[in-house]
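The first chain written gets the first letter, and so on, giving A, B, C and D; residue counts start at 1 in each chain.
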Amino acid sequence: MQPLLRMQGINKSFAGVVALSSAGLEIAAGEVHALIGQNGAGKSTLIKILTGVYRKDSGDIEFEGAPLNAQSPREAQDNGIATIYQELSLVPLRSVTENVIMGYEPRTRFGFIDWKAAHDRTREILSGFGIDIDVTRPLGSYSTAIQQLTAIARAVSLNARLVIMDEPTSSLDDREVETLFGVVRGLKARGVSVIYVSHFLDELFHICDRATIMRDGQTVAVREIASTTKLGLIADMLGRDPEEIAAAGMTDLGGGKGEAGELLLDARNLSTRRMLRDVSVSVHKGEIVGLGGLLGSGRTEAARAIFGLDKLSAGTVSTHRTPAGFSDPAEAIRGGVGFLTEDRKAEGIVPEMSVRENMTLALLPALAGKFSLDRAREEEIVKKFVDALGIKLASIEQPIRELSGGNQQKVLLARWLALEPDLLILDEPTRGVDVGAKFEIQSIIREYVEKGVGVLLISSEFEELVEGADRIVVLQDGVSVTELRNPGITEEKLIGAIAQSHEGAAA
Amino acid sequence: MNGLDWKRLSRHGGLIALALLLLINILITPNFLQLQTLFVNISQVATIAIVAVGMTLVIATAGIDLSVGAVMAVAGALAPLIFLSDFAQANPSLGLALSIAVPILVALVCGLFNGVLVAYLGVQPIIATLIFFISGRGIAQVLTNGNLQTFSHPGFSYIGTGKILGLPFQGWLVLVIAVVFWWVVNRTMFGRRILAVGGNEKAARLTGTPVRRVKIGVYVISAGLSGIAGLIVVAINSASDAARIGNLMELDAIAAAVVGGTLLMGGKAPIFGAILGAIIIQLVKYTLLANGVADEVALIAKAGIIVLAVYVQQGRKE
Amino acid sequence: MLDTNAFDLRKYLQGNGQSVGVWIALVAMILFGALRYDNFTGAYNISSFLNYNSMFIAISLGMCFVIMTGGIDLSVGSVVAFTSVCVAYLSPYGIQVALPGGILAGMAIGALNAFFVIKMRIPPFIATLATMLGAKGGALVISGRQTISVDWGSNFTKFGMGNVGGLLPWSIIVVMVLAVGLWVVLEKTSIGRTVEAIGGGEDATRMMGLPVDRAKAFVYILSGGCAGLAGVILASGFGAGQPLEGVGWELSAIASVVVGGTLLTGGLGSVPATVAGALLLGLVFNILNFENGRGVISFSAYWQMVVRGMFLFVVILLQSRFSRAAAKQGA
Amino acid sequence: EPPPLAQKDRYKVGFSQMESNNPWRIAETKSFHDTAEACNWDLIATDAAGSAAKQVADVDSMIAQGIDVLFLPPREEKPLIPAVMKAKAAGIPTFLVDRSVDPNVAKAGEDYVAFLGSDFIDQGRRVAEWTIENFKGDKGIIVELEGTTGSSPANDRKKGFDDRILQDDRFEIVASQTGDFARDLGRQVMETLLQAHPDVNIVYAHNDEMAIGAIQALELAGRKPGEDVLVVSIDGTRDALQAIIDGKMGVTVESSPFFGPLACEVMKRYAAGETIEPWVQVKDRIFTQENAADHIDEAY
């Protein structure tokens, strides 16, 4: 049978750096096809070439039997390819409706946009995802998860023959992931093909038929999902032996072992104007405390409030060094606290700056001499962390935007580690990071915890929380409702706690 | 391959443009290869270059400063008021010092005003500085009652006409300012923070950067440098005309900064690029003038050259 | 203020917190003028005020669209001058030729801006700065450095000098029709939505598959066309093609747009509030002239500049207060 | 027929200044303010900041306020015609001051009462004549510093001078560039032109401010203005007279800004029913080494 899509011998380099070399991809009609590989393997680049965001240097693309050379995402869409890009490509200032139907607005007889029909249609599309929100409000006023689902809803509603999802679940919780799977299965049933990029390998076994594995810009293997294992996929991605990997284990946070030491953070009854109503959490030396909860339950808000980013309307934060809490991030940093944001692109990297400059941004006061920064020490520190964290780059002077997502994340983690903090707040530290790097990041965190650093960990991956945290504080609608303690937490128990508190709130 | 060459070419776009301009001038402009030509150009480019350095810092934070010309006028109007006052006549050297220090101080205050509007009230830079752009010159004229102030004060005029080692004093001043601010941008914490604020303000804030103070800082610097430029103009002319000092300077300074490789989105502060940009703009002016090109045609030529120069600079991006 | 029966003020205010300030200031200024000065609300003052300010409303409308895409158009003042000269040459053929001719001339320069910005990827600030210089040079070249007489015999000057019922000049009527049209375009058509989306995130908009380049071309050509219309009004209402006119008009237009609450970073804008912004800034001049006539204080030229700057300052303070209040309420 | 003016004790007088960005204009406005008291005027003075369109709007707002008489220095010849016509239609007699409007469209004695002022072309011509008489060398190499490109004084002062001076073969204009009527630009342009044309020995500037700038440029370049380079210009400012006294400048043709007293006198004559001559000529003096010292105290 003729495949729906065939990409062959695709080459692409950015300013001399090779991103793809002779990469290929074949998608059959009506299949769900996984595209996997480590950070920087070239998955997103391949997709962007297919959909006309980037121009390929060479190679052939055939779609439905005819050559396709899309010059813009619009052209790809018109040819029946809808895409959810890895970086959310939405317009937060505009309403939800506009973000969903823009470009395909229902018209009145006079050719004007029929707003009533547009809102109705948007509500209808979103309700397919179990979302019921005011669609006239700006999209930016909703959580990342809602935004992610909106992007998916938009792509799915385009009636494409191929839907591409580049890490669609990176900020979704289990329930929403299930909804998404339902949608993917629905697409498949309609004969629509799906390219599915994800670092959550478990997901692939639920919905994918085949997988193409990429490494270093090349396509290295194509596997039938049914006849392979997670370990096998990982081995392909890393280009290593399955046994070797099996020996190492999957999550390396390994909570519940540490003896909790001195109290580092004590946050009580936090509320803010936006979201928090009553959150209390404490962290001790050498302890990982997880914040659990559904999306939008206020985990990020709690972290922001502790870090002095958002004003408290009630409650107190005290740390062992600063009993009065922080009024801005600078104070928090001076007080030995680091905060890794969940939104790498918007709040993390300074794209035009080099890796070196990005990494030492929070460290500047420590590097500042009388007249100038201590460049020698700066480079020494940066090199140390590049080695220690295994950050892949051409040079530390490379602009950080040129790094793949996972490597950017490691640079940002290093930004905080370099401060030698007492307390680290990590909001989704492994989001969008491949298994190899995820493992590495987790073991780095572990290493620092063992040295006595306290960690407040926010993660939408229950596995990471359950296995990693010593304690989990469960949040719900801006209130901390329960606390679970390791050893003894299982995913079921966590889900149970969240569900229960939900019922409690509902009652 | 092709891309690489282009990249290399565009990185040195400014220098290539400069070389081309020099070559053209050597070929067609009478008496171009003379020391006096150099002096004339240095003295004419100095004010643009100084203001362009400040502008570069402001633009690096993703801002813009339209008030530079007006601030020049305020500083330029103040200086003669001070050294022509009875007090200064009685204490000449103190008067001279004050007539330099006070206008610069006032300029800094203007910058503080801009900075506070931008940083604390969240007013968009173009509008915040538009306020001074409109009213600053008026204030300068109110100070002088609209009168042209003329004077003859060799001490003060040294700023505009003095020479050190045969080169105009202003030239040295530009060099010192450029080196100092190159150092600030590339070697100090403040400089790094300027770039961070322009590159990603949220990230800057999260890493403990005092975003507001950094923003205020660049507007204050820009205004201070404008103040110095205002004094230079007054000193060369031995006259202060509040209605004219620094007229249209904001456009020249912005053009110089951008031709020099500053990104209007912020995050880049090539100080020597801005100086190079100022020199290119000055040379273009000189070339057209010296070759008798009519004013209106010169305007069109200038437009074309700005577009071309920036086009070459922008060629870098994918 | 437009299309009143379909206009729900409360809803508008909720959605447009940032432009509440301008409406309040506008009403306050009109009341102030009406109560303090004789003849301020007389037909003569109203009609001449509207006639003169119709030009500023026109360029502010174009500027509003450009700014919504996150761009800027510094060339409008020069384009007004340039087209006024072109139109002066066309005036013997009557307004029916000159009006479309002037608008087309303006659109042609707008198209040049669009080419620089979209194809050559030159930042709008620089691209339009260059056309500002170029158009001024062009105006001086084609006019031979002279103001160009219009033909007083044809119907050309009737457009700029005539009015309906002694109160509403033709110019303001045309500009208001344009404003309503643009309002509809912005709120009800897909190109309008794309314009606002671009300002909210150009890359994202492109990746959503929206015609970004087309929308950007549209706004620059529109802005050129609006400036062309202003050029026609200038030539026909003020009797000459004027190559030196329009200096600094771009800044007035930007100020009107911003005073109207449009974000300079793009993405949010309002057509009616832009009109209000332009009227408000025009009123400042008008009131200053009347104040001079009272003979209590005479504002010299430079005091006028100071007063205008301070006024802008106050409006912006007001606006930032209201937009904050609106942000709080929305949260 | 222009509208008549009734005899009154006090008049509401409109003066629509075009701009205030140079000393000359400021002196002119001041002269009107100074005259107001003596002449029993309630003066409304507006400022159009260099925009002809705004000047028309300013006149409009003064008409709305019911002025009795209008004094108007029109920014441009043609664009201000609507202002003249509107004033006429509103029954307000208009006097043009220092610049005129296009005589093909609006006429003195019909649309406005009279034009008070001098003749820019004539000013340029008189500078040329003085230069022809007083230039001692064999070959006059001239650099001309023009006013604001496209403005009527710049156009006229250029025409008057060029036409006359080129009738004499001794003279050649090697460069003519704008210095925008400003001292600083005049200096910069002169510096540049001096490099390109080192043999220049005459500088003609369209106003004194640029002439002073040119003198500074010459001195900075080590030339001796007044000895090896003859500087001539128009206006008669204090600085120019001083330069003449110091021997750095040859001549300046007066272009007086003090129109207030003349305006008062002409208006009174008109109110008394006299017919006013269409062009009330201002007698522009000519200042040279002989008389500069006598007049420097009245200069502005």
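Rule of thumb we're sticking to: a residue touches a chain if its C-beta (ideal position, glycine included) is under 8 Å from a C-beta of that chain, and two chains touch if they have at least 3 such contacts.
The shown structure was predicted, so the numbers you read here are calculated from the model rather than taken from an experiment.
S.K.: Just grab the chain with the largest centre-to-centre distance to chain A, centres being mean Cα coordinates.
M.R.: D
S.K.: Can you compute the centre-to-centre distance for chain A and chain B, using the mean CA position of each chain? Integer Å is fine.
M.R.: Chain centroid spacing, chain A to chain B, equals 44 Å.
S.K.: On a C-alpha centroid basis, what's the spacing between chain B and chain C, in Å?
M.R.: One centre to the other, that is 30 Å.
S.K.: Using the touch rule from the top of the page, what residues of chain D touch 2 or more other chains?
M.R.: 20, 149-150
S.K.: In chain B, which residues are in touch with two or more of the other chains?
M.R.: 141, 146, 295-296 - these are the residues of chain B that touch more than one other chain.
S.K.: Identify all positions of chain A at which a residue touches two or more other chains, and write them in rising order.
M.R.: Where chain A is concerned, no single residue meets two or more other chains.
S.K.: Which two-chain combinations qualify as touching?
M.R.: Listed by label, chains in contact pair as A-B, A-C, B-C, B-D, C-D.
S.K.: For a test of understanding, state which residues of chain A touch chain B in their complex under the given definition.
M.R.: Where chain A meets chain B, its residues are 14-16, 54, 307, 309, 328-330, 332-334, 339, 341, 346-353, 357, 361-362, 364-365, 367-368, 371-373, 375, 415.
S.K.: Considering only the defined contacts, which chain B positions touch chain A in the complex?
M.R.: Those in contact with chain A are residues 3-4, 7, 183, 187-189, 192-193, 195-196, 199-200, 202-210, 263, 267-268, 318.
S.K.: For a test of understanding, state which residues of chain A touch chain C in their complex under the given definition.
M.R.: Checking each residue of chain A against chain C gives 53, 72-74, 76-78, 83, 85, 88-94, 98-99, 102-103, 105, 111-113, 115, 141, 154, 273-274.
S.K.: Can you list the chain D residues touching chain C in their complex?
M.R.: 12, 17, 19-20, 29, 33, 42-47, 49-54, 56-58, 60-66, 76-79, 81-82, 86, 90, 102, 104-105, 148-151, 155
S.K.: Okay, in this complex, where on chain C does chain B touch?
M.R.: Where chain C meets chain B, its residues are 72, 116, 120-123, 125-127, 129-134, 136-141, 145, 251, 254-255, 258, 263-265, 300-310, 312-313, 316-317, 320.
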